[in-house]
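The first chain written gets the first letter, and so on, giving A, B and C; residue counts start at 1 in each chain.
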Amino acid sequence: MPEFTAAEYSAILLSLKVSLVATLLSLPFGFAAAYVMTYRQFRGKVALDVLVNLPLTLPPVVIGYVLLILLGQHGFIGLHILQPLGIKLIFTWKAAVIATAVVGFPLLVRSIRIGMESVDHGLIQAARTLGAGWFDTMLTVILPLSLRSVIAGSALMFARGLGEFGATIIVAGNIPGVTQTIPLAIYDYASSPGGDSMAMALCVVSVIISVAVLLFHEYLSHRMIRKD
Amino acid sequence: MELRVTVNKAFSPFNLTVDFTVSQARIGIFGPSGSGKSTLVSLIAGLEQPDEGIIQLNGETLFDRSINVPPEQRRIGIIFQHPHLFPHLNVRNNLLYGYKRSALENRRIDFDCLIEVLQLGPLLERGVNNLSGGEKQRVAIGRAVLSNPRLLLMDEPLSALDDTLRFQIISHLKSVCETFDIPFLFISHSLLEMRLMADQVISVAAGRILGSSTAEELARQRLGASPVGYINLLKLGLPTPAAGMFAYPWGSSRLLMSAGPSRDESMAELSSKDIMLFKKHPEAISARNLLLCTVRSLFSSGRKIGVELDCSGNTLIAEVVQDAVDELEITPGSSIYVAIKASAFRLLPG
Amino acid sequence: MMKQITMALVAVAILSLSSAVFAAEINLAVAASLKEVINELADSFAKKHPGVTFRKNYGASGALGKQIENGAPADIFVSANLAWLEYLKSRKLVDEKSIATFTYNVLVFAGKEELKVSSLEDIVKLDRIAIGSPKSVPAGEYAMAAFKKAGIDKQLAKKLVLAKDVRECLMYVDRGEVAGAFVYQTDALQVAKRVKILFTVPQEYYPRVTCPIALTITGARKADATVFMAFLKSAEAKAVLKKHGFLNN
């Protein structure tokens, strides 16, 4: 097993950081999207459904490219919003977070929707007649009862984020110490003759982290069942 | 309390079209399954919206062309067929869910008093998922009452319970609403439940109102059509054993029944079909109950004639055919002998 | 009827197989920085030798070396540094006798015209700089060597965007996502319209950029590949190289 240098540790930490931030940032939006899609009827609902699920079917490179076009120096958002505010996103870890968030978002929403749909409608009706408005009901009834699916979705999104490559490399670039996450580091080593053992070592680390995440998710789920 | 409901709503397979105003405290809505009763409940509570119409409670408009008060602001509680208790909260927190959300000036139900009336004391700290059916429904009742509603809608609250439980819950419902002075709308397809709970009953079928009457009148009207005839409900005192059966005090009279014994004062059912009438005293008869009664009135229902009898101050309704009326010369004021077998009675549980 | 169809199918099969053996297709593995010049040379060779076709694979020298090691078809390997050729030589994948120096190149720093940098020391003031990934792109390796020699490698630590080859570096500059990139003089000249060479990296800071060339073991057995190899070493080829900005000595 080859020795990890600072570059590799930095890649591992960066992967964890980017995935974690992307997941946490996406949670409120994912929950809101799932709520609207489960409980509200409105024109254009199908369009929202398609939009939310789109990243699931698009190649990540396409997503990365689209983000680059939008957020880059000459992009619509880049030119009119980011530059005037002095915000630079491309080739920063923030871009990596955005790419990871976009790619993983549909997984989060799907999971939460399944949880929400399984909440007994009678409970929601009861809450409304007991004086809880829609927001109150969402917070005190729907959220606690779909919490398990929120956690499952988050774990799934986090794990997917750890493996994010295509969109990340386009929009965040391969900057060691700044945006070089584990998959990018593996790619770097894999393109290099003689880099196989290091690439494999990083793969092993990747697998270990994913297994840890999944085990943690199982543990949390069981704890929640016991509390019932 | 005054409730005015004039609404149209399309719901398959009918259209619900109703127009009524009620002002008593104990109203029943009676009709078969699928007649639109539950839809009506949803509309009054605000969980669904009518296609058009007006809903007003105590003069306040809850729904019309331009107003639609959301359910959480209507202060109308519902007790559903299934308890719908929040599984992630314990009994206490379920009970207090509505209470915490009611405005301070509206809180008039006393928590401890309610716990007492519904006997929920020992359950308070427990989770709700392992409670028995009856316990769950009692918590549901408590929770709805504690939200301090102006009106309580009970949508078939007893249909999912077995017989014994049903009558226990009825007594809880009545005592709670009486104690705390809460007007209610009791919805059911059971005439018996209706007679025990409601004073005024609105009958509905296929989305339309058939009529309004007292529960008693309704029962009499249905004597001819019902397979069990008219069910007499008899209030009984504590029984004593007698010749292998039980002797129950009934008003100033006495009935011998094979059913029993009950530990408290109880109620018994007796079908109008199980009462035989004799013009003259039938010297020897196997039926162990033989009473001399006076005919108060006669009424027709379908092809049967209902005979209202006065038995030492108690009321009994028997049914006969017109032929028998003519033959026995049954007229108001005439005396008649009433025979009932000891096995014809059915004690109400609880 | 069936017998005739079968005969026809067999004949077609034999013909197509033999065309694979006898068809003069030369597989080239070429470092990205040599893409245009090899294209031109291949085209002019093909004109003089009808029947010869080329299959070209471009990329970073390291990536190409890896592919050849894993069995990718290649008859001639044109690398941007000696190390990757040595790598294949040590694995006995190239014909040792055929190894020769093809040409030389020079490292420059290229960026938009308005940028005010004129030496390595000025670089540290910039926000983002693109270089090829040192693990697989020789140009990136040379750049890192220069940074170390000049003592600025630590200061540049978080500013370096690693690209998969020199072309990608230039793309980043063109988009404006980086201030500039370290590329070969020949690459910068390619896109001279939009990107300017701001300064040449002094040769003392990095090893000479030597582009070796060699036949692979499979290539050595192909007559056409050997002829093309000789062509690449000819005076005519050297003239084309010079035209593209390469150094012949």
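As a convention for this text, contacts are C-beta pairs under 8 Å (C-beta built on N, C-alpha and C of every residue); 3 or more make two chains touch, one makes a residue touch a chain.
From a predicted model like this one, the values you see are computed outputs, not experimental measurements.
The minimum number of touch steps linking chain A to chain B comes to 1.
Think of the whole protein's Cα atoms as having one middle point; the chain whose own Cα middle lies nearest to it is A.
The most distant chain from chain A, with centres taken as the mean of CA atoms, is B. Averaged Cα coordinates give chain A a centre that lies 56 Å from the centre of chain B.
Centroid to centroid, with C-alpha atoms defining each point, chain B and chain C lie 92 Å apart.
For the pair chain A and chain C, the distance between C-alpha centroids works out to 38 Å. Those residues of chain A lying in contact with chain C across their complex are 72-74, 90-91, 173-178, 180, 188-195. Chain B makes touch with chain A in their complex at residues 45-47, 70-78, 80, 82, 84, 86-88, 97-98, 101-102, 127, 129, 143-144, 147. By the touch rule above, chain C contacts chain A in their complex via residues 60, 62-63, 65-66, 69, 84, 87, 128, 133, 135-136, 157-164, 172, 175-178. Interface of chain A with chain B (complex): residues 120, 122-123, 125-133, 136, 140-141, 144-145, 228.
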